[in-house]
């Protein structure tokens, strides 16, 4: 029944620029990178209420953001400008109740799930952003990160704009609103806005009579189109389509604006780049996306199986059993097993009730948070040489404990294989990466890392293999190489990343 | 843990103007007009945290708004631009918990309590409005109603503004922000904004290093300055000063901008009008303000005693007992008793637990909502001729039931006296008035009203007496006379009020 | 969604007796004694659902207990033994929601509001007590305090009983259950139980087809019968009847068992004592009961007016104004004014939003909790000699502050009058009294008390006047005199009260 | 902040017996049997607080009950009889908050997780049961089902007992309390109670200075002892020991009473039966227990691998891939793969956020609840002949949909194998089984079942194999054979099960 607003420090840099301060969360979490968002939009031409379908869609996208979520709907047959929205902090099934849907009538709508760094984890920042502007109302849901948001905010502010959130959607909304004064259609205004903003964005916009999807020219983040009966869907991943029983139509192209009205799908590809300049986030394939999704025609599951196979080719070792660190290491483990012929098995039992809200009583410090989540199947590993596959090592805070647990349970050897290259550089395009000095691979050799985690051997996926995972689709591998498809912002406050 | 946004219809009128749609609440409530807000700002030069003092201040102003409330604070010694705010739907002691204050560190802050009509009763609209603009952050708390807000929104929208709330504070904030690009100080920007906005407003603004109070040139709504040790307070009513143990310094003048910094109080009176053009809301004296407050040097309690005395002079009647309808009729009843010599007494017991959240189970319809709140003291009224005083009759929905209850309890006669004139016209300046056809006095003679409520006689305060209640301070009595100090908006959607 | 059970120390005393440990609450509360409970039972022969009517009834009884409340209903036409109950910590309008009533179907039911000392303030102890026994189900709601509960628990325990609460109702329930094995009817079993239990109790019992009311032979606590259409009500106070629109039928006699079935009201008076042995709690008339209630035919309001009149006769003083400390001092103040001819007035404004849940932020210690609740009407008291009436002084913790506030506001003299005698002894019959050394009147002369509170004079009601307040009805005045109608328990743990 | 009590129908049967009415839940749930409880007790001789350790233990046992949970602790060094308990509806991490533990001080305690059928799913029935009796306080946590509870309640009721819950623990508590009047120690009283009660129970009892564990003579439910530093633990499964970092000491023997005091572990085996009469619940090995637990020295994981191996031996089929229905079918699938040499793979992605509180908006009926939980990995199954392993088929409501999903995704053949025999008979010992006519195997041939679920072939584990799963430990396989180690209750209300 209440919410909190926090505006953090806005500093003027030496060069006179406003800089955003992303405070990094310090919670002890699993040693994983965080995806920042998932989006879902739908327009039902038969006039059925769509809020509950958005709910199911967001539920399928929950892995893309567990911090807040929201739904906004409108009735295209009702008076223009009435938008009903409901947002909250928490998981989809925590925020929405049956009552929510009683008040959410409308045949067009957008939804959003969100993760963010601590500084901006306030309720105001929950999406979709719902607003009133010259042409009525808009609702925006956005996945990605703009690299020129700080400068754009500054420019807008110099022109008298006020900001009530710290999310990029507000910047995009302003540009749409300013362009809309002059454009004939809202999709043209979106195009104008796209010419201003730089970075990663997959966007779903609801206007009173149109549903619009837009994807940045690099295609960092996925966005696809689906159809169920007479309803069209624009969403982050195909698994959301499967969940609601919709069929996949096609991916939104990098740089494309898709406009869905009663008259069908309209496409504007004027912002598209030559294919070779595209830069899909490779981490979507490696870890972020659900394995049952296909991104730009490429099965995520298949990419992970491949990663395991390449590991087996490039870092072979003699062993009795290949196991994955649940859940995200399982597919690559299977790939390793298939390639190497070493049997696949299960070494861990994961407590299925571990969730976002698990509290840690101060009373006791004896219980380890890794043990609470994972237990070893002694019977499965005792006396065996184990190959243990995980999708990535970020800080390395849990890998050593998992290796120890295997050894305590009687494993003779533990060989760790990682289905991505060492993680070395910041991401400017929507992934929450810890400061560089917290990265285990920073300034360390592989042998040093191996020693830290106590494994008998350690192998990473080779950077050269990354393109093979997507079958040649151009990717962004900046976090492994430091080479980005777009120049990072000059005054980046994230880092003393020497670049 | 969640909130709801609703944007209601924004229609373009025939004349091309945007019109705001204020849906009126349909809840069965007490037959009273609703004040729309209370504000409280404080700056402690000793650097003490002020959030809890704002809490106590808002608690003293709770009668000015029970729908939502909020507090925003900042630390003037800390980095510029960090504002902590917390808002919620409900009463002050429902929204804030001890935990709230753990995170609310700061020596400067503003708070707000709010009532609104149903359409805008969403969490987004809770105040203070906290925002980021060209010069850092602002927090605004506002009491009153602008009459040109719709037009100003329209103008801003044509210039690319986006609106995330439907409150007037957002319009004021935009004008401050736009002016601030060019002005040397924030108080100058406030002055610019005041030149644009028209209507009633008592405003408290917190900027990173200044606390600013502003009152519209007509002085519709009260605003006063207090001091406790080295802390200055700007708030709606003096009762908030008493509650926190502060002393009253002075009222903010109609039209004045007061700026509080480390260097003291600075005053800008360039917007002040000649005193005779001022137009204080007379209903503050009659009903809205707490009786222990003084507005512009005039005791509210004293005004109410006077109103009772005038009623006794102008509408005398023989009787055995004078009673007030609790609580707001008691002071005038005492005045009537003092003037007439007829003993004062108590006729009603009010259930002290009646609150905002009283639910009405559907199961039963036998129980009357008046009886749940009030019961008659049979012993006090049996066989007596009663003069019953209330401060106003709006719709008249409860007066008849209260008269009946007195008669059923054995009262021989019930003479109703009302300490304000018949209520006939809409208010454009911050009071929520029902549609004209719902007003009992509309198109009815006093005799007809008397008959409707079943009283043996009925007397209203004479309009001529109103100025006497404030000892000659110029007032707005538009709701009784239809003559307003400012022209109401042309495209007023409130009414088929033939004017 | 969760509850807490606490079983506090059960010690075997030197004499081999179990002793109950009533921990006294240490919250800073108003300086008032606490009533312990209110009960409400109803049986609707037309078969209407009664849960919502119980809700309204409990709402009218809220002043009798603000800590927890509960409702249990049954359908006399349905299968025997199905009881739906809902209980919770908090006020009636906090605990019950509209949803509650959807599941509460039944034409017979009981409800309860409760206050308790801290030790037993757990959810388990919320009433009504709902249980299954040899003859199906029972629901009990109880007001009062047994003086032999500890001994009875001990006896039952020696016989193999287990206790899941620390409330007396459980002891009564056991005795009903044990008797019921042998008796033909449940009311006979209640009679058997009444022969065992000693102390104060007003009891409402719901069995599958009967509603039973019972009052202890001394009549400590009130209990009355009402009727609305074809429904009978048994409840603590007549104000609950007024609130639901029922008419008063009669009081339940001290010692009487009243059984309501389809065949009408049956009365068993075999436990009644000679009238002169009855001992109504005089504090019900002075403070506990609502002024609009009548207890045993005597108006509570009238008793309070009388108390004021006697004060004026016995403790006269020259003054300009008589005021009451709101709300409970107002009736006696009016009586004093009527008797003395000194005008009655209002000196205080009470914040109408003060409730159970008012939090005190740790941040600030400047704000006084008395000021938060009460403010003085300076205009009313300035330069005047004030007679200030309160119903009682218990610890005296607030009287001095209120006197100071009046003096600071300009009162020339403050004469305090108290409409009850000095409070000196513990209560064993259902009132929560602080330890004797905390009572301001303990070991102090009136002059010493006057000095402590800073009044110019101080007068208490004479003990001899107490009987006159009830028109001669026999009363218990043990808390003023130390003489009790029943011997207190031998091993009373409450006190080093030298008796 | 509130709770609900419901007492359901207690009918006297023709033979004069009380019968308990277990209403069966109608929620659409996964097609799985429900375990009814998990228990956890601990006594720390070093005096450390144990509440948070119980919390972690219950978290590890969450799979044994998701409906309610509770913790009760006591301080053995403090005054006898003080027990702090906290219970609530929901998952362990929903019910307990950091605040909970601030008030839970004590070095001895018990905890409980619970699932129940709808009728008894009220808050009153949450465990541990905390009570006061002749010797102070007791807290009981119980897993299992008594078959003579109805008769025992009846007998107790005839003797004047009152029941405030409908859980078997209350019956056991009464028998302990009644025996305790005569016995020298609480463990003797437990022994007396064990002589009265019949059925399945694994019990942890906390008395002021002792922790007691007891297991019924048949050993239906698991119970084991662990140790961490100077603390002893008695709990349902060894996975709880691993989670808190304790070492396994030994299992409690069927029929054994274990008493833990400062002086060590004391054992009473007087109720033990000859080993061949023992009757461990085979479903603990097949599905209920966590795979990382060992029950009576036997690895649950190993039992499941074996079940898969036996299926491969007894029901071989040619195929390309063996997959498990997540999570519970995975171990048997691995066993099948190992035995048959057919590769193991993953065919399904399970939404990791599916939990107890997933709501189903009424708005939409298009979304299937199976699809929300599971999606098929098209890439993995396309064009393949699949062997799909699940641990059981109860109603068969989801098997057909899963088979369809595989086929829609392109599987050429789907061969279902079930790692338990067909489920045909009710369970009287603590498992919630649907009515017989709802069981898919009832009155159907295997071929008929196969056709219903649309698989290309279907094979069940042979009943003869069951004993092999436990390596010869005697088991109860009543649900498969109808032969029970104890006679079921005569007046069983569960069934028109013709036996």
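Read from first to last, the chains carry the letters A, B, C and D; within each, the first residue is number 1.
We take it that contacts are C-beta pairs under 8 Å (C-beta built on N, C-alpha and C of every residue); 3 or more make two chains touch, one makes a residue touch a chain.
Bear in mind the structure is a predicted one, so any value in this text is a computation, not a measurement.
Asks: Please identify each chain that touches chain A as well as chain B.
Replies: Joint contacts: the list comes back empty.
Asks: For chain B versus chain D, what separation do you get between their C-alpha means, in angstrom?
Replies: That pair's centroid distance is 60 Å.
Asks: Averaging over Cα atoms per chain, report the distance between chain B and chain C in Å.
Replies: Those two chain centres are 38 Å apart.
Asks: Counting only Cα atoms for the centres, state how far chain C is from chain D in Å.
Replies: Spacing between the chain centres: roughly 47 Å.
Asks: Find every residue in chain C that makes contact with two or more other chains and list them.
Replies: 94
Asks: Which chain pairs here would you call touching?
Replies: A-B, A-D, B-C, C-D
Asks: In the complex of these two chains, what residues of chain D are touching chain A?
Replies: Chain D reaches chain A through residues 48-49, 51-53, 55-56, 59-60, 62-63, 66, 91-94, 96-98, 100-101, 104, 228, 239, 242-245, 290-292, 299, 301-302, 327, 330-331, 334, 338, 343-346, 349, 351-353, 355, 357-359, 361-364, 366-368, 371-372, 375-380.
Asks: Which residues of chain D touch chain C in the complex?
Replies: 1-11, 72, 79-90, 94-95, 103, 123, 126, 129-134, 136-138, 157-166, 170, 173-174, 177-178, 180-181
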